[in-house]
Structures are given as structure tokens and as C-alpha cells.
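Please find the structures below.
After this come two complexes, each holding subunit A, first together with subunit B and then together with subunit C.
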Partner chain A sequence: MALSPEESGRLADLLDEHADGLVARWAELVGAGLQGRMSRPELERQTRDLQKGFQQAFANGARDLSDEEATELRAQLGELSSNRARQGFSANETAISMFAFKDAVLGVLGDTSDVQTLRDFVSFSTFVDRAALFTFDSYVRVREALIADQAEQLLELSTPVVKLWEGVVAVPLVGTLDSARAQVVMERLLQTLVDTGSPYAIIDITGVPAVDTQVAQHILKTVVAARLMGADCIISGIRPQIAQTIVALGIEFGDIATKSSLADALRYVLGKKSYRVVTAKRTEH
Partner chain B sequence: MSEESRQIPVTTDQDVVRVRQLVRTVAVDAKLSLVDQTKLVTAASELARNTLVYGGGGTVEVSRVRNEIRAGIRIVFADQGPGIADLDLALTDGYTTGGGLGLGLSGARRLVDDFTIDTAPGEGTTISITKWCR
Partner chain C sequence: MERVPVLKIGDILLVSIQIDMEDQVALQLQEDLAEKIVATGCHGVIIDISALDIVDSFVGRTLATIASVSRVLDAETVVVGMRPAVAITLVELGLSLPGIRTALNVELGIEMLARSRAESAPDEDEDEDDPAAVPAP
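This part shows the complex of A and B:
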């Protein structure tokens, strides 16, 4: 239900006339809902801007939130919800703070039986509802963008390739190894092999909770790819329960060296490189 | 006799992860040994992925069961996909139509105590597996 031009005109006048009272009351209502998580001056500044935004939109003759005249207001609402989303407020709190505007306006109108005033208020109320839904929408959009960013960061974070020794790199895998992560792991490992010129790579699966055929296939492919580049791969961190499961599943690692711990794998590689690990004899001075 | 059961839909890769987590939680609650937990979780992972990849999505139901002697966990994977035409072939180690290792179905059968499969071409596939507490 869109506002009539007269209605938006009257609303603009109303908001203008009671500007200070409305802002104070609105900020008070919102402040009570946010329970001191936002400072009062900041809140008042925000509500003043918003109240001005609504007033401007009505004064320009906006009849609906999607109108061109309300572009400025929409931008304001979008910014408000993205700020709230980043500050950790819930979508509910963000929308409720919009609804509080209605209470503030109702307070200004007071007890009235004037039909026109009541009609105006109903139209205004619909407009605010739309605005609240709009903030809800933008809030969710911002949150989704945040989550997508974090998921990407997590993917990057969770697949480090570390240098263990001269010529030995290791990939400690933690968590679920799905196709996307397997791809990242493989790319990282192969690139690190080139960059460091390492002839040995250790893939440690201590942190992988379950090794099913898909995980095994991803690991096998990574090993084969590394071999094609001339590097030897060792799989370490095979716990007893994983070993038994792999046997029951019938997965064969062929001639790929496997070790139960990363330490064993490193010792094995050092042995191949003709290093010997011995306890140093301390000479007392 | 079924004591409690939970059903989850499987329509994305994320759901396969969810199935794994649910099965692990139930397996820990049922006091399965660590090896049996891992075997059951792995079997569930294989079959849930089959439901998704070959069955085009379906449902997984995890329930605690009990017979005269023992308690256990039963998991039922159901889809309305194309079904399996040649079951013997599908259960052969190394046979795959999807580019995998060809060990999922046959391997899962070796990982659990009871394994029943109900399928016909064009009528979907229902697989029920049970692991008993030792």
C-alpha cells in the first residue's frame, strides 16, 4: 500500500515539527533494546540521521520505499544494517530498532480519534515495516558475505605447507578433506615442491577424522602428482582405527611409504637422505 | 525395536559431512569402540555420498536399535534414483561408474555387521546397515 502524495506531505511536516522529541524518544527505545552495547551519543546521532532520512524521503514525495525519492534513505538503511551486522548485533535487534520508530511517532500523535491522522499513521506504519524488512535483508546479505569471506580464509588457513628440513616439506591435514580442499592442498604442495626444490613431501593425516574412499583418492592423486614432479611422498599420521578402516575398505596405498607418526616419517626421510639422528655427546667445561 | 531415530536429507556435499557428524555423535553415545566408531562413520560417509552422487540425493536415517542380546546403531540410506541394475557387479571391488576407487559400496559392506540392499532399476535404492556394540 503506497502513500498518497498528501500523506507523505503531512508525514514530512509531522516528522519535521517533532524532530527533536522523536529522535530522543526513538534513541531511548532503541537504547533499551540494545542494552548499552552502543553509546548514547552515537545512537542519537544515528537516529537523528535516520529521522532526517525519513523526513527527507517524505518531503521529496516518496510514496514507497522502492521509489527513487527514497534512494538516499535506502542507502542509509543499508549502511546501518551492515554496521550492525559487523558489530555483532542480531538481525532481530536491527529490525526492531526500526519498529521502535513507530512507537516514537505514535507517542507524538498522542490520543487522537481523528480519522485522517489514524489513516496517516497506518500508511506510515506500513512504510516503516518495509524499511525494517529492508534492513533485515541487507543485514542477511552482509552476514552472508562475511561468512563467504571467512570460509575462503579458512580454506587458505587450513592448508599450510611447512618446511620440516632442508628438502623435506610437510602438509598437515586437519578436518574434512573435500574436493575443494584437496584441490587447494594439491596446488599448494606442488607449488611448494617447485619453489623449494624439495625431493620429499610428507602428508600428515593425523587431523583427518575419517578416511573414506574419496579422501583416499584425493591423497593418492596428490601423491601421484608429486611423483610426476620427481618428489617422493610419505603419508604419516595413520592411527590404528584408520588403518583398520582402510584395510576393511580395501584401499591400497601400493608402494607409497606410510608411517604412524610425523616423527617416524621425518626419521625415515632423513635416513633416505643418509642423515643419522644421534644423541650429541656433551663435553663438560 | 527402534529407540530413537533422526533423519536428515542428503542433497549437498555439506549434508554428507552432517551425516558423518551425526553418526559419530550417536556412535559415541552408544559407546562403540573407537575402531567401530571410525568404521561406522566411514561406511556412512561412503553410502551417504553414493546416495548423493548416484541416487541424486535422498535421506539418511540414524537410529539406535536393540535385539535380544545387543544394542546397536542402524542407518538407512534411501534415494529415488535410477537404482542399481547389476548388484553383483556394483558390489565388485574396483568397479565404478563414477570415477571413484570403486570400493565404496563393497568396502562399506565389510565395515559393518549387517548390510541389506533393496534396489531395482528405476525404483531407487535403499541400503540398511547395522553395527552392533561389542
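This part shows the complex of A and C:
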């Protein structure tokens, strides 16, 4: 329900007239809801800005939150909710602090029985509801962006390719291996093989909590791709339970070498490269 | 039509593919290589595909055919320098290029040929691996 031009005019006047009282009451209500997690002066500054934003929007003749006249108010609300989202407030708390504005306005109206005033208040209430929903929406959007960023950072953090020996690289996989991660691991490993010219790669799955057919499929694909490029892959770090799951699921690793520990895998590769690991003879003193 | 040059280096024929592998080019290369192997008597072929963005099933099969033909002519074939993206695509398509030996780069390819040459002909020089058998000067 959109406001009529007269209504927004009257509301603008009302907000202007009671500005100080409204801000004080609103800040108090919001402060109670946030339980002291935000300082009073800061709250007052925020609510004053918002109150001005509302008043400005009404004065400009905004009839709905989506109107062009309310663009500035929307920007303010968006900023408020993104700040709240970053500071760790919940979406509820953010929306409730908008609803508190209604209480504050009702407070300055007093116990009037004037029908026109009540009608104005109902329209105003709808407007604030829309504003609260808008903050909810932008809050969720900001949080989703945050999560997406973190997921990306995690992806970068969790797939290092390390050099173990001349011509031997290893990928210690930690955490659940989904399709997206498997793709990143595969690409990074193959690129490293090309860059370093290493003919051997060890995929260590000690940190992978569970191996199902899908994870095995990803690992197998990586091994076959590496083989196509002319590098040999060894899978290491297979824990006892995982070995049992692999057999129970009927996953075939074919002629791919599997070792129980990274040390075994490295020893195996060194053997293939015709290195021999021997204890050095102690020189007598 | 463009042709892929075949270079002879010692006992090895080096083919570096720098152009798009159209079907005709691939077939021409197969013929050229067979003739060159017979003409030079080389025992190894290295095909460098590091410049190739795309390896389709036809090129893959041609590479396999080249490998089989040269084996008949007593020459080992090694395909080197396959790009990661190409390898991933081939795996996704389910093409694993059976019968083709691969190496990461030309250098490793040459090493691989030298090693398999030494393994396949041990009786020509039985004590090859034993440094003590080297006759004193």
C-alpha cells in the first residue's frame, strides 16, 4: 500500500517536528535490543542519520520505498545492514531496530483518537515494514558475499603443492574433497608438474575424512590426467578404515601405486629414481 | 597445405607441432614420419604437443597409430608436453590414449627413450650398468 502525497507530507512534518524526541526514544529502544554491544553515541548518530533519511524521503514525496525519491534512504539502509552483518549482529536484530522506529513514532503521537492520524500511522507502519524487509534482504546479501569470499580463500589456502625432492611433488589433501576442490587440486597439480618438470607426484589423503565413490573418481581422474602428461602419481596416506571403505565400495585403483604413508610413498619414488637410502657411516672420533 | 617439420637429432626424430592439427595435417605427419624413420634408421620419435590447445579424438588416434607404426619400424614414440587443460579434457572425454608413452617435456622424453633403449638391448653390452667392467685406459 503506497502512501498518498498528503500522507507523506504530513509524515515529513511530524518527523521534522519531533526529531530530537524520536531519535532519543528510538536509540533507547534499539540499545535495549542490542544489549550494550554498541555505544550509545554511535547508536544515536546512526538513528539520527536514519531519521533524517526517512524525513528527507517523505519530504521529497516518496510514496513507496522503491520510489526514486527514496534512493538515498535505501542506500542508508543498505549500508546499515551491511555494517551490522560485518559486526556480527543477527538479521533479526537488524530488522527489529527498524521496527523500533514505529514504537518511537507511536510514542510521540500520544493517545490520539483522530482517525486521520491513525490512518497515517498505518501507512507509515507499512513503509517501515518495507524498510525492515529491505534491511533483511541486504543483510543476507552481504552475508552471502562474505561466505563466498571465505570459501574462495579457503580453496586457495587448502591446496598447496609442495616439492619433496628433485622431481617429486606432493599434494597433502586436507578436508572434504568436493567437485570444485577436486578441480582446483587437479589443475594446480598438473600445472606444477609442467612448471617444475617433475615426473612424480604423490597425492596424500591423510587429511581427507572420508572417501566415497565420488572422491575416488576425482582422484582417479587426476592420476589419469597426470599420466597422460607423462607423470606418475602415487596415492598415500590411506587410513585403515578408508582402505576398508574402498574395498567395500568396490573402487578399483588398478595399477596405480597406493601406499599407507607419505614416507613409504617417498621411499618408493626414490627407489624408482634409483636412489638408495642408507644410514651414513659414523666416523670414529 | 601446411606440413609439420620432422627434425633428426642424433638417434631421435623430433616433431614439434606448432600449427593446428587438422585431420589432413595429422595424416600427412603419419606418412612423413614412417618414411623418415626408414630413411634415417632412427630408434626414437619425440612428438612435442606443448603448443596444442586441442587434442580431439582423431588426433589422439593418429598419435596412437604413429606410435604403433614406429614400433613396427623398431622406434619408440614418446608424446611430450601435453598441457594440463588438454589432459583434463581428454580424461573428461574418457580418452586415455592407450599405447602412447608420455613425458612432461622434451628433456624427460629423451631420457625415457635412452632408458628404454638400454633396457630393451641389454645383451648387446651385458655389463653396461657395472662401472667396474669399463676397460681401463
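Here is the rule we go by: the second predicted complex is superposed on the first by the 271 of 285 C-alpha atoms of A that agree within 3 Å, B and C clash if a C-alpha of one lies under 4 Å from a C-alpha of the other, contacts with A are read in each partner's own complex, and residues count from 1 in each chain.
Assume a contact is a pair of C-beta atoms (placed from the backbone, for glycine too) under 8 Å apart; a residue touches a chain by one contact, two chains touch by 3 or more.
Just so it is clear, the structure is predicted and the values come from calculations on it, not from any experiment.
Shared-chain residue A:Glu187: touches subunit C; no touch with subunit B.
By the touch criterion defined above, A:Ile251 reaches subunit B but does not reach subunit C. After overlaying the two complexes on the shared chain, residue contacts for A:Gln241 are found with subunit B alone; subunit C is out of touch. When the shared chain is aligned, subunit C comes close enough to touch A:Gly197, but subunit B does not. When the shared chain is aligned, no partner comes close enough to touch A:Gly207: not subunit B, not subunit C. Residue contacts after overlaying the shared chain place A:Met229 against subunit C, while subunit B stays out of touching range. On subunit A, the surface touched by subunit B in one complex and the surface touched by subunit C in the other have no residue in common. In the complex of the two chains, the subunit C residues touching subunit A come out as 78-84, 87-88, 90-92, 96-97, 101-105, 107-109. The touching residues of subunit B, counted against subunit A in their complex, run 13, 17, 20, 24, 34-35, 37-39, 41-42, 45-46, 49, 93, 100-101, 103-104, 106-108, 110-111.
In the complex of the two chains, the subunit A residues touching subunit B come out as 176, 178-179, 209-214, 216-217, 240-242, 244-245, 248-251. Within the complex, the subunit A residues that touch subunit C are 186-187, 190-191, 193-194, 197-199, 221, 224-231.
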